[in-house]
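Consider the two complexes below, in which chain A is the common component and chain B and chain C are the respective partners.
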Partner chain A sequence: MNWLQRNIRPEQIREFSLLLLIVVAITIFSALIPNYFVPRTFDRIASSVAIIAVAAVGQTLVVLTRNIDLSVGSLIGCSAYFAGTMAGLDKGLPPIVVVLIAVALGVAGGIVNGLIVTLGRVPSIIVTLGTLAIYRGFLVDLSGAKTVTTDSLPKWIVDLPHASVFSLGKLDFTVSIVLTLVIVAIFQFAITRMNYGRRFYAIGSNPDAAQLIGMPLRSTVFTTFVLSGALAGLAGFLTLARYGNITVDNGRGLELQVVAAVVVGGVNIFGGSGTVVGAMLGAVLIGTLEQSLYRLDISEFWRDALLGLLILLAVASDAVILERLRALWSRTELKLIDKPPPQVGAVGGSPP
Partner chain B sequence: MKALALLKSWEGLLLFLLIVIVGLSFENSPVYMGVGNIVNLFQLEIEKIIVALAMTLLIINGEIDLSVASVMGLAACVVAWMFHHGVSMPLAMLAALVAGAVAGLFNGFWVAYVGLPSLAVTLAGLIGYRGIARILVEDRSYGGYPAWFNAIGQHPQFGPLTVSIIVFAILFVVTAVVLHLSGFGRLVYVMGNNLQAARYSGIRVRPIKMSLFVASSTVSALAGILYATRLGSVRGDMAQGFELDIITMVLLGGVSIFGGSGNLAGVGLSILAILNLRNGMGLANITGNTQTSVIGALLILSVLVPNTVDMIRNKWKGRTT
Partner chain C sequence: MRNIAKRFGATQALEDVSLSLYPGQIHALVGENGAGKSTLIKVMTGVYRPDRGEFLLSGKPVTLSSAADAQQHGIAAIYQEPLLFPDLNVAENVFISHQNRGVMTGWGQMFRQAEEIFAALGVALDVRKPARGLTLAAQQSVEIAKAISLHVRVLIMDEPTASLSAHEVAQLFKLVKDLRDRGVAILFVSHRLEEVFEIADVVTVFRDGRLISTRPRRDVTPKLAIADMVGREVLVQPRKPAARGDLLLSVRSLGREGVFQDVSFDVHRGEVLGFAGLIGAGRTDVGLALFGIEPATAGSIVFKGKTEVIRSPRHAMACGIAYVSEDRRQLGLSLPQSIFANITLPVLRRYLNRMGLLRTAMERETAESYRKRLTIRTPSVDLPVNKLSGGNQQKVMLAKWLNTHPALLILDEPTRGIDVGAKEEVHAMVGKLAEEGIGIILISSDLPEVLAMSDRVLVMREGRQMAILDKKDATQEAVMTEAMGQQGAVH
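Up next is the complex of A and B:
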């Protein structure tokens, strides 16, 4: 038990159980659905997970600091639409520029959110509820109800979903999957191993204490909103590449799925605990359910009901089981520290 | 002095805003102040403002209910499904209300008795209840209700007023009495201000939280039924996304998202301001989408402006003393 407690944190048990749940889900689906284990299934699940996972990484950073970003759905829609329009207008535009346009739009949205939250001291749920409507409004007004179509896009974007970086057996790892994995790896390293990343946890656990020890509270929170915007922009580009046809309604309601992935992934909605890998696993579980349920003979309409139940279970297990585990862990830690110190100077002390 | 204090208060600001909006709209369109337009103005968003009343209690209590719009959809779908499976209409409507109450019990159980964050629980409810509604009606559209059912929503029954408006008026008075004149209302505030202190002073916080969630969901179910009577047909995606509008109405009314402060007068004024703004912009040929953006901006400004004024005032004080 002691070895276990020294080497594994409760959060890792939580992530492991999520992984187990994904395996169980896949096993059940493969028993129910004929021809489940084909590359096509993997491809379909992975490309839909990629979009949500990338946005969920940014959302995790924001949620860790006790904030929330509800505007990501609108930002994904904006960046997908405008990057698609630009790429369609000038087909010679180099790929990196198109990606940068998408990311820059997201960053711009994130800067606005971050400034109002940190300088204006407005609660993030109010700010992003407002910008959710405002960014969508921009998109609908500026687009003039036109649609980006696959025909108008340059060939490299249309081909991107099929461009494989490397293959594992019959499974193709496409650009978007590799990109997602790289992003998750980078941010996981940054928030668990780097000084700057640990600040997110410190601020989320106790903002007052973080400020007292001299952490730049506002600039850090601001950074999380900018990063969330940037990653939403990137998710917008992935959406553009995956679907090709982008209407002004693109990404509407996606913020709920992103928040759901984060919550299922074990990130505490009140900040201070959770990991990027957890959020990605949450996105994978949701994506697997979403893409598999509609191939079952029972109606696809069960999907939402199951997803709701899943979120509830995730949060409940977080509160009930994880809290117990944490308590157990910290009790042992206390025991290790609390060994009674050797009584050296018992002469001048205790009253009779 | 009292007038000045009113002007500086949140409600004063909203009242000023309301007068400006009504003034501009009246100048823009001469039909604006007609009885027909005023009834119409309420009628178009009546379901949302009914739910906003119950939401006010919950947010003051320090919780939030994101699942209201899904419960509205669920109630409408329960009515449609039962009616088309041969259940008489009054019984179907009763079943829908019960479904709403059960949804509220479910939310309340997890929040009040297990202690989960309401944001997460009702997010699950938002997705889950919508899912149950979808299971019931799938992607069909159910119409063909009895004439009296459609008449409830579509024709004025009391002079120029419809049943929904009467329901809203009654609920507004009931909410005002409960929140501002009863001991229960004081407890709602106390719990929103400091839940720990409330618990330690012997208040039975769990049943109170539970009853607020049940009230919120039951009122949402009622609003969902009224929405069905107004539209005359029911689909699975009914009322989708309404929760954002409803929460905006409450927060714009000066209710703190952290609980413990705000009052129903503010929410009433904010409802009037939003209704008039939407209606006025509609008469000025501004699209619904831009209207939503303007209200989003208003929501942010409603907190940003007082904060900025406070900050500047504090800085000024710091310099002079």
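Up next is the complex of A and C:
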């Protein structure tokens, strides 16, 4: 037990059990669905996971600081639609510009969210519930309810889902998968190894203490909303590439999947703990369920209901199991030991 | 610090305070509740700006605009409950407030340096563990390590021992002395006199926002310190005791686990029993237990000759107990609602007509009668409560509970934050209610008030009943001696 306690944190048990759950789910589905283990299944699940995971990375940052961003579904829809429209109008636009249009739209939405939350001091759940509806309203109104179709898109976007970066056996790792993995890696690195990223944990863990030591609370929270918007924009581009046909309804209800991925992935809804990798695992589980249940002809409503159940289970297990584990793990009393003989040059140390 | 002053509205929280702290010295600050200790700490840590006076650090004047600013100047504070980040590990908690930490978090270096600091302090603590789950004493050792890593020059410790066991206090003191020997100036604020005398080099006494005395420890005795603390002029007119009626309430060995224990007293009709003690002594908790908000877990309550197990405020009210809470906003009044709606709220049932609808005219009538009786100054009882002054809000609160026709009235800090005139009116009202035969428990941190109003005074200290003093024995010195746990030192 002591060895266990020293080397594994309760949060890691959480991530490990999630992995186990994914394996169990895949095993069950492979028994229920004929021809489950084919590259096509992997492809479908992976491209669905990519969209959820990219948005979930941004959501993780927001949730770490005790906030939530419910507007991501609408932002994904907006950026997919407008990036698709622009790409259709000018087929010569370089790919990077199309991606930037999508991201910029997301950033704009994130700035609005962040400003209202930090300057208006309105709870983020209300702010983003409002902007969820408003952004969707913009989309419907400005688009005139027209649809972006695959025919109108330049060839490079249509071909993107099949563009493989490298292959592992018969499994193709497409651009969107690689992009997702890179983003997860960057943000995981940032929140564990960069001092700016550690702020998200500090603020979510104890806002009063963060304020006391002069951490810029508002600008940090603002940044998380902007990043969440930017990543939602990128997810919007991935959506455009995946489906080609984008209606004004696109991305509707996706916030449920994104929040589910984050919460199931072990990010504490009350802030302060959780990782980007966890959220990605959450996205993998949800993408797998989503696609496999679809194959089993289970209706969208039941799939959403299942997601809802997963969120509740994750939050409940957080409250009950994880709290107990933590209590078991880290009950530490003050213990004094003999001091080493005093040395010349007091210990103090420069900031690491 | 020179001539620091701070006002809040009508209250002069600090008046002309000059205090000097020296490196390598533990300077203790003692005083009654509301003596200005907390305000001074907030001024020193940049939370409040003083209205007047200047603040010198190593001879140079500085202005502190925020807690972070104070920390940059090498001034830090440790509170009774340290402000750590529970999800971050110990090492990161030590180094989190280092400005200019650079871009990357060097985990290896951070762990090593944190380990060095704890080793030098003689504390065995796994710096990789999250701060969640550390005991208060362990958390304070983290704060001390943090102070060392930040090269803090002035460390303020606000009641750091209030929730610690004797063993933990001894450990903490070892660390504090270590810190002193490193040349840190320490301001140690405590309610526990025996600890002050154990650790301090210099003792300063505050009273009513003024610095009364600063003496080297060897020149002070507990008796002297207490005399300085309580030497305030008595402004409150003593109440004429009412005729003591029948036994109303009899409490034996009442306790609530981890909060207070073994409290026994009687209250007669027409009697005022005062509850004295320092903040956190458990006085309010006894009140909350009697009213069923936080029910007692041990002991017995006999009320009007019947044994009652009070589990809820509803039950307490049915018995005839009313509790006028300390906090008008949170527990007492619904501020946006009208005066009459507040007064009739606990007994709304009385105002229903046969259809089950409220008879508002009757509600107003009741409110009007209390307006006259308690001289609530308002043009109309329809006005929302938040339009009234603090003193008048207090009277509305009193009206609300008197309207439940209680036999026992518990008043918790009834005059806190109201002006002198309103205070006198509340005192007169207490006297009148006692004459009407109501038994009254008066919880107050205003010592002269308790002494003037009460027939007997119960003194509590750290969740225990220290003494019940009769009016003739209840002097300020006697009460403070019990409240501070210095009996024997004075007698």
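Operating definition for what follows: the second predicted complex is superposed on the first by the 321 of 352 C-alpha atoms of A that agree within 3 Å, B and C clash if a C-alpha of one lies under 4 Å from a C-alpha of the other, contacts with A are read in each partner's own complex, and residues count from 1 in each chain.
We take it that contacts are C-beta pairs under 8 Å (C-beta built on N, C-alpha and C of every residue); 3 or more make two chains touch, one makes a residue touch a chain.
If you're wondering where the values come from, they're calculated on a predicted model, not measured in any experiment.
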item: Which superposed partner A:Asn206 touches (first chain B, second chain C, both, neither); value: second
item: First (chain B), second (chain C), both or neither touched by A:Thr192; value: second
item: Chain B versus chain C as contact partner of A:Gly308, first or second or both or neither; value: first
item: First, second, both or neither for A:Arg121, with chain B first and chain C second; value: first
item: Touching partner for A:Gly253 - first (chain B), second (chain C), both, neither; value: first
item: Which of chain B and chain C A:Gly272 touches, first, second, both or neither; value: second
item: Touching partner for A:Arg136 - first (chain B), second (chain C), both, neither; value: first
item: Chain B/chain C common contact set on chain A; value: none
item: Contact footprint of chain C on chain A as seen in their complex; value: 6, 9, 192-198, 201-202, 204-206, 208-214, 268, 272-273, 326-327, 329-340, 346-349, 351-352
item: Interfacial residue positions of chain A with respect to chain B in the complex; value: 68, 116, 120-123, 125-127, 129-134, 136-138, 140-141, 253, 256, 259-260, 263, 269-270, 299, 301-312, 315-316, 319-320
item: Touching residues (chain side chain C, partner chain A) in the complex; value: 66-69, 71-72, 83-88, 92, 95-107, 109-110, 113, 116-117, 119-126, 128-130, 132-135, 137-138, 140-141, 148-149, 151, 168, 171-172, 174, 182
item: Residue numbers on chain B that touch chain A, as the complex places them; value: 110, 114-117, 119-121, 123-132, 134-135, 138-139, 236, 241, 244, 247-248, 251, 257-258, 287, 289-290, 292-293, 295-297, 299-300, 303-304, 307-308, 311
